[in-house]
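In the two assemblies presented below, chain A is common to both, partnered first by chain B and then by chain C.
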Partner chain A sequence: MPSLLILLPLSFLIILNLPFRDILQRASFWVVAFFCLFQSIAVALHPFIFWSALPDPYGPFFSFRLSVDNLSLILLFSIGLVSFVSLVISRYTLLDNKQRFNFLNLLLIIVIGMNATVMVTDLFSLYVFLEVTSLSSFILISLKKDKLALEGAFKYIILSITATLAMLSAIALFLLISGDTSFVAIYGALGNPQHVFFSKLAIGLFICGLLVKSGIIPFHGWLPDAYSSSPNSVSVLLAGIVTKVSGVYVLMRMVVSVFGLNQALQDILMFLGCLSIVLGALAALGQTDFKRMLSYSSISQIGYIVLALGCGSSLAIAGAAFHILNHAIFKSLLFANATAVEEKTGNGSIEGLGGLAAKMPFTGITSLAAFLSTAGIPPFSGFWSKFIIVLALWQAGQYTYASIALLASVLTLAYFLILQRNVFFGKVASGLEGVREVRVGLIFPQVLLAVLTLGIGLFAPFFLSNFILAAGNILK
Partner chain B sequence: MAINIILLIALLLASLWTVMTIRLIRSVVGLAITSAILSIIMFKLDAPLAAVFELSVCAGLISVIFVTTISFTQRLTQERLKLRRKERMGKFWYLPLIICTAAILLSFWRPSLNFQFPAPLKETDARNILWNMRHLDLLGQVIVLLAGAFGVVILFKEEKR
Partner chain C sequence: MILTLPVIIPFVCAFFLLLVPKSRQIIAWIISLLAVLANLFVCLLIFRQDMSFCLPWAGFGMDFYFRVYQLSGFIILACACFTFLILFYSLAFARGKSYAKHFCAYTLFCLAFINGAVLADNLAMLLFFWEGLLIVLFGLIYIGNKEAFKTATKAFVIIGVSDLCMMAGIGLTVHLAGTWTISRISLPLNGLGILACALLVIGALAKAGCMPFHGWIPDAAKDAPLPSMALLPGALDKLLGIYLLFRICLDMFSLKAHSGLSIVLMAAGSLTIIFAVMMALIQKEYKRLLSYHVISQIGYMVLGIGTASPLGIIGGLFHMFNNAIYKSCLFLTAGSVEKQAGTTELSLLGGIGRNMPVTLACFLVAAFSISGVPPFNGFFSKELIYEAALERGWIFYLAAVLGSFFTAASFLKLGHAAFLGKRNEAYKDRDIKEAPWFMLLPMLALSLSCIFFGLRKDIALANFIYPAQEAAFPGILGMRVNILLTAVTVIVLAGAFLHHIFRVKVTASPLKAADDIHYAPLLSWVYARAEEGRFDLYRAGLWLIDKAAKVFLRVDRRIDWLYNILLPGFFNALSLRIRKAHSGYYVLYIAWSLIGGFLVLIFVLK
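The block that comes next holds the complex of A and B.
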């Protein structure tokens, strides 16, 4: 059954590009929206369908060796949700029909890439679908084709190729020592004492590649430019889910299920995670561009996930998985807020604005919800994931890292307070008296995400016991 | 034996053309041809899995990514093209010489590597590998090509218009 999440968008992609595509272009938005919602709702309501090993009814060629566990389910839900939000935003921000149609096609391709990345059980297949995701990302970033967008895409492509080279070399080494590229074969071969040198070299190269794709400090050079120079719908997609799937999720899957954690790897991951939390937040403090501030905030939040991964306990892994979901929701919401502000003021800078909460109440209130969730304030969902991460660190005896993770929330509060004060609070800035709330189509994704971040926070015990804590069981 | 020599010479010529040509697109084509020839050699050496990986990564995936990257660059003017051609020949005249010398030296010196690795896969039918064992990768590569096609349309074709 999981094959459906690859084959269905692929079928839609082919149908949308059949010869009579002028008629199909009009239906394309609804087709893609249907698929994204289908994916999220099906995964959330009927996870057993994806767990079950029902034979695929599409013939042997389309029967893939895929595997879905609770961690994959969390990611599959997030992919559907963030893609849907990005799609809705594109309807109101990409005004050229041709450009919007190209975006829809690339969105379907990137969804195929991410879905497959989350479900594959073979390292080479993983690499192929990471490339599907990366290639679509380059093109999506450069969709506007202005100087900044091309520069952002170029930086991303160069650093991504470097990461790819490291990962590809690692795959060659894994193939050498295990004779196969399946996760099981590699896991078995890594235990062989004859191949210690090659194993360490391959693991090191692969993790370096993944750290570049995750945008962790000091491998973050591409991330702020790529996020801030993309069209708004693409920024939502990149910050909300793409980086998490192609970097953070793969890192979690490989480290926890294939490579295994040892003391040295734990120390490196926890140190880099902590460095990203603090430096990302400090860099965000100094930004004057809305989307750039959110980009550095992303680096800081991804740091929490990597820190939890480094801790390595079952509770920490569950916390990391929960933070992936929460970050996908509140970061997409913040980028949706940035889109609304830019649409109405024509300005991406946070300076010279003010008092917009009175003029744009939905945007103002939902941005407050996202900000409180990011800073880890109860009862929003961000509080629970950060709480679990800090608790897991404390239980593991990592008191210094737990304290830093806790105190870094103050930095998060600081940069978001600056953002709120400059954009939404206070008196209405001169020249903005005539500003009105954005249209319903752009309010909808903001309200949806705000309700989700509040709802998951309020019903956290239910989500934790049914979905999240089980994600920690992926530990071998 | 004769076919092996022909393949090796073809490999040498394709890789030299990849490095010597000044048009990036031609260079990408050269690299793809080099990879395709290398894949045939790997098949002949009973390493079908490595051959399939080589064919799909270098002749397929990497080429698409290179073409997309090239689409971000500017076309050279005729004058700069001439200048580059001269520079390129001046810079790399010694390459064929080094390759030939290295090939002769390596044919005499045979290093013994004592690493013990698992035996490679004994499947020799490329069709079985492509259609039954690595069919998900094959599908992934078709999707990469699709993404590349969209990239070319968006970045090249619309630019021309």
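The block that comes next holds the complex of A and C.
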């Protein structure tokens, strides 16, 4: 059954582009929306309908094998959710019909790429689908074709290419060592003492490539520009899930299931994670552009995930997976808020605004929920994932990193307080008296995500015991 | 069940009173008088009985446990009588005053809490009622003049702090004894027991107004309504404080003669007598002068109980009873003077005895009583205390006798300046009439009982004091009069009288009769400091807190600077640097990535 998650969007994509597509254009939105919802709901209900355990009649269609475990499930759910939100936002922000249709097609492609990335079990297919994902994101970023968007896309391409080069050479080395590219074969070959140098080199190159894709400092140069210059619906998609899947998830999968954690890898990952947390937060502190601040905040939050990954205990992996899910929720929510503010004030700057909470109550309240969740304030879900990460670090004896991770929450609070004060709190700034709440279509994704973050936070024990903690089991 | 009535009746009526509109003062008076009378009746019913009443309450041994026995029965009966008389008095005194309704309500609350505290046989209950009284005290002072809020706060803080001590003492006692029930507690005075006992004694002494917890009384005399003063510091606080002191020292802990606590108590008593009466001597205002005597007389009772001898304890309890009678009588005469003459400044009064003969007569009886002139009641209780004090050490006796001398001297001055002599020129043409009968009747009742209990002290002792005492010292009865001590007392009193006559001759003014003491070398220096309030613990505490607050504010500002200026400044500068580094130039970004990649590779390969 997992192959459905690839075949369905693929078939939709083909149908949408058949000759009589003018008729289909109207239905296209609903088709894609249906698929995204189907993916999220089916994944969320998997313990009850066991779809992943059913025989996979289309499996032989592919030349590669798919497998789904608990970590993949969390990612698949997030992919469905964020794609849906991005889709809803695109309906109200991409006003040009042709542009919107392009966006829909690219969204389907990127979903195929991400779903496959999450499920494949051999390195070369992984690479192919990563490239599918990356290529469609380049085009998505430059969808508007203005100077900033092109510049952002260009930076992404340039840095991605270096990453691709590194990863491709690493794959070549792996093929050399093991004669096969499946995860199991590589895992077995890495233990061979004959190829210590090459295996280490290959691992190093591959990880460098993944670090670029995740946007970890100092490989992050493309990230703020790409996030902030792309259309809003694309920002949601990129920040919410694309970089998480193509960077962080693959890193987790490789490090945990294929390479195996060793001391050197742990040190590198924890150090870079911590660096990203602190520097990302510091860089976010003084930003004047809403989306740019959120981008740096993303770097900081990815740092948490990588830090937890570096810690390597089962609890830490579970915490990292949970943080990916939470980050998908609250960062999409924040970008949705940014979209709403930009829709009503005309530009993305947070200067000269103020008092919007009174004018836009839904946006104000949901942004507050997102911000509290990001900063790790109970009872929002962000608190639980950060708590689990810090707890795992502490249990592993990494007291310094645990303290830094805790203290960096203060920085998170600081830049989000600045944001809230500038945009939502206080008296209504001059020139904004006529501002109204955005239309229902844009309120809906905000409220949905806010309810999710609060709901997961309130019923955290249920989610933890049923979904999240199981993700730590991928550790061999 | 009847035991709960003395608490419930006043409490419920007080709540009703608060609902009565201000314009219907007469209803308030009727309700409160009825409540007080009903309370008096119940108290008479349960007087000299021994019964208890128990209901489960908060758990952990904190039960709703009331018990009446001889002493507590006597105390609540006395409280009921005084409250009735003073409420009756204030019918005329406070008529039409804005605080009348609140005074009635607070008086009833006060009565309810006092009855509860006296009847409670469970330390938790005792504490509950005791703290309730604190709030009522605040209210009773607060309804006075404009300055009253400050004074009420002062009283609240002083009593509140000492109540905290008592709370700690109760906790410790319960920990040591393993029970909350007072009548089952019997602890030796050693180790933690001393601490527990001392903490409890602080609570009791502060309630009674012993030094150094007296600071609020003279201020309240000026600011609180007069009936409040007559009621609480004048009568009920003494009864309650000394009752509790008695329970603590003799029931819960066994106070032994010559023990450390006994000496501390006697010393506190003696010092209170001397210092307070010296302060009273130089006062030039009727009520303020009385308020210092309130404090001074407490010294006698504490001294008496502190001797831990049967004689002293009987003397202390008897003095408590007598003092409540004559002291409230004195306050009531002050009220009459205030009402009729419009002032209580002694320099403005003079010769009003001719206009107010009944008030003068009551004043004289009460003043003779307080000075210890035979055969008024004060004489006998003081005589008992003298004898017990002499047994323990001549120094305590000396303090008591000196106190007597100054008491007599100050009342000679007060009476002479206020009621006799010539009127102040400025007030010469003021027409002063005798007080109304509503006010005279309670005064008369009180002064007559001064005479009655003086002449027939055996009635008071046999009915009130001995039965209460039997539990502690069985088999003590019979009372002798020590001729020698009586002679000393008489000589001292005569000395005071002669000194007054002499000084009035010299200075030609009764008000300046005590100036030789006031302006004696060294003493004048002490007096000046005392009048400034230098010896007031409350002021010292306020000063200390003020200074500490300033220091802490400095520290706080520094910490604040750290948080508000230094750290944000540091992080903002850092943030600026990082933002500057992101120039948007992609070659730079690639360089970062490549360098980072090399470093990672080197680290992995090492």
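The rule we apply is simple: the second predicted complex is superposed on the first by the 461 of 476 C-alpha atoms of A that agree within 3 Å, B and C clash if a C-alpha of one lies under 4 Å from a C-alpha of the other, contacts with A are read in each partner's own complex, and residues count from 1 in each chain.
FYI, a contact is a pair of C-beta atoms (placed from the backbone, for glycine too) under 8 Å apart; a residue touches a chain by one contact, two chains touch by 3 or more.
Note that the structure is predicted; figures quoted are calculated from it, not measured.
If you put the two complexes together on chain A, you find that chain B and chain C both fit without a clash. The three-chain arrangement built by superposing both structures on chain A places chain B and chain C 160° apart around the Cα centre of chain A, to the nearest 10. Set against each other, chain B and chain C differ in how many residues of chain A they touch, and the higher count belongs to B. In the overlay built on the shared chain, the residue A:L411 is in contact with chain C alone; chain B does not reach it.
Looking at the shared chain after the overlay, A:G179 reaches chain B, while chain C stays out of its contact range.
Residue contacts after overlaying the shared chain place A:A283 against chain C, while chain B stays out of touching range.
In the superposition on chain A, contact is made by A:A264 with chain C only, not with chain B. Contacts of A:T162 after superposition on the shared chain: chain C is touched, whereas chain B is not. By the touch criterion stated above, A:L10 is placed in contact with chain B alone, chain C being left untouched. Once the two complexes are overlaid on the shared chain, A:I456 sits clear of chain B and of chain C alike. Of the two partner chains, chain B and chain C are each touched by A:F154. Figure legend note: chain B and chain C, brought together by superposition on chain A, show a least Cα distance of 15 Å. The interface of chain A with chain B overlaps its interface with chain C at residues 154, 158. Within the complex formed with chain B, the residues of chain A that make contact are 6, 10, 13, 60-61, 64-65, 98, 102, 105-106, 109, 112-113, 116, 120, 122, 124-125, 128-129, 131-132, 134-136, 138-139, 142-143, 145, 150, 153-154, 157-158, 161, 164, 168, 175-180, 189, 194. Taken in their complex, chain C has these residues touching chain A: 568, 571-572, 574-576, 578-579, 582, 584, 586, 588-590, 592-597, 600-601, 603-606.
For chain B in complex with chain A, the touching residues are 49-50, 53, 56-57, 61, 64-65, 68-69, 72, 116-121, 131-132, 134-137, 139-141, 143-144, 146-148, 150-151, 153-155, 158-159. Listing the residues of chain A that touch chain C in their complex gives 151, 154-155, 158-159, 162, 166, 197, 200-201, 203-205, 207-208, 211-212, 218-219, 221-222, 224-225, 264-265, 267-268, 279, 282-283, 285-287, 411, 414.
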